[in-house]
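Look at the two complexes coming up: subunit A is in both, with subunit B in one and subunit C in the other.
== the complex of A and B ==
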């Protein structure tokens, strides 16, 4: 667990990241989190899990295969998600101008730690 | 099957409020015992008058009995309770098709597909009805372009046109473009139906997490990268390209496709 928490903490060191979490992909519940004050962890977890599920169905229908990385860009913020092994999803909530590439790398590392 | 009927009948007799009547009705209907099935479902509806699935089952039994008008009334009740009930839209689409009202059949089947994009029977039915609808318009000498027959070459000249750029409306209906799998299978309708759910979820997520208006959704998947945007309100644009096309490049092509789509949509209005 300390290793996972360390991986989440590394993600939150990326400038603009407001929080990183491990979320149960099926139930949308929080498994572990590293959040700035004011970030509603439960809401982020539930909504991101639901979005990943819906996107997965669309991607499979399109023949694209299972999603490996998701990036929802809003005017004022960004949601990133990486489906990881064991049905877990690594989720990041960040500012709109976050360095997505850097956050993605750290999220992929965190996902590898779950193997 | 006989054991299941006996067990379910006993459960319903023991507890008339039990929802086991739904399964019992389905099993009896599957066995062709339509009168018994109808009795069971009508009894269940007495305890659960606002259960959409019970009305849906009763409507299907009525169709089996040739009572089409009453079936239509039942499905109408289902939609009054649950406007997105896939079974009711499927049933009403079937009835509309049966009486030759292809326009209404298309409407209901499209809504059925939006409610349950995984139902392959609806996908096939929709394809068949659309073809008939187009044939009918041609036979009538109509020059109008039916909404169901969008220009598949709208995005000609753009990377991925003809197989990986799709424009859909917010209800999950194809407007233009094409979406094919690597093996050439046309998946435009199925994907468009899924997109409606994805965009609703994206909008809900962005709103509830205070991210502002969502601008795009980018996904890297096993075989392809996907880009979903909303070029005009209530319209969805999906681009799918193989993984050799980087996400950034995909976003550039998407911007060009959005310009083309916006112009086309404005010309349609």
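== the complex of A and C ==
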């Protein structure tokens, strides 16, 4: 558990990241989280896992293969997701102007550490 | 397409929204004693009555476990199968507690069902009319009232 928490803490050190979570891809439940106050972790986890599941189907149907990185840009923020081994999804909630490349790098590292 | 139907009209819209958002295949709203308030997705009255009785029995069993563990209460119970999952949870309304029994498949998830159950509980508490004085239930009225409830639940 400390290893998982450490991986999340590294992601949240990226400027503009408001929270990071490891979410069960099948059940949409939170496995570990590091969130700023005011972020509805359970809601984001359930909806992100559902989104990743649907986008996976869309990507496979489109012949693009399994998705590696999802970037959803909203008016006031950003949602990032990386499907990781063992059916886990690394989810990040961030400000609109977050350094997506750096956040993605830390998310990929966290996903690799789950192996 | 399955319809949502209710004996108590104030439960209809919150349950419709829950079914749409959570992606539940079947949903049944009952009192803790198993009296059916609203349903979605059931096509036979006998299935509604069986599900209501089983949901009520599970809730009673877990309440007894709570008592033995000195827990105040269990809020929800989830059984995850290969194809389907069953979610049973209790919420409070001004008219007393209600039970939701929801069946979902792989298009949904326990997280989604749990999330939208919380919204359902809030919507039910907000839309519940004030408690009226309970009419006395007479044995001779029982069958007529049961038939009227089933007719409302299946649109007959």
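Methods note: the second predicted complex is superposed on the first by the 115 of 115 C-alpha atoms of A that agree within 3 Å, B and C clash if a C-alpha of one lies under 4 Å from a C-alpha of the other, contacts with A are read in each partner's own complex, and residues count from 1 in each chain.
To be clear about the criterion, a residue touches a chain if its C-beta (ideal position, glycine included) is under 8 Å from a C-beta of that chain, and two chains touch if they have at least 3 such contacts.
These figures come from a predicted structure and were not determined experimentally.
In the superposition on chain A, A:26 makes contact with subunit C only, while subunit B stays out of contact range. Applying the stated contact rule after C-alpha superposition, one finds that A:93 touches subunit B and leaves subunit C untouched. By the touch criterion defined above, A:69 lies against subunit B but remains apart from subunit C after alignment on the C-alpha atoms of chain A.
After overlaying the two complexes on the shared chain, residue contacts for A:16 are found with neither subunit B nor subunit C.
In the superposed model, A:43 lies in contact with both subunit B and subunit C.
Using the contact criterion defined above for the overlaid structures, shared-chain residue A:57 touches subunit B, although it does not reach subunit C. Number of subunit A residues touched is higher for B, counting subunit B against subunit C. The intersection of subunit A residues touching subunit B with those touching subunit C, taken from the two complexes, comprises 43, 47, 50. Of all residues in subunit B, those touching subunit A in their complex are 117-118, 179-183, 185, 187, 190-191, 194-195, 197-198, 201-202, 204-206, 208-226, 238, 240, 247. Chain contact summary for the complex, subunit A toward subunit B: residues 40, 43-44, 47-48, 50-51, 54-55, 57-59, 61-79, 93, 96. Put simply, subunit A touches subunit C in their complex at residues 23-24, 26-29, 42-43, 45-47, 49-50, 53. In the complex of the two chains, the subunit C residues touching subunit A come out as 80, 108-112, 114-115.
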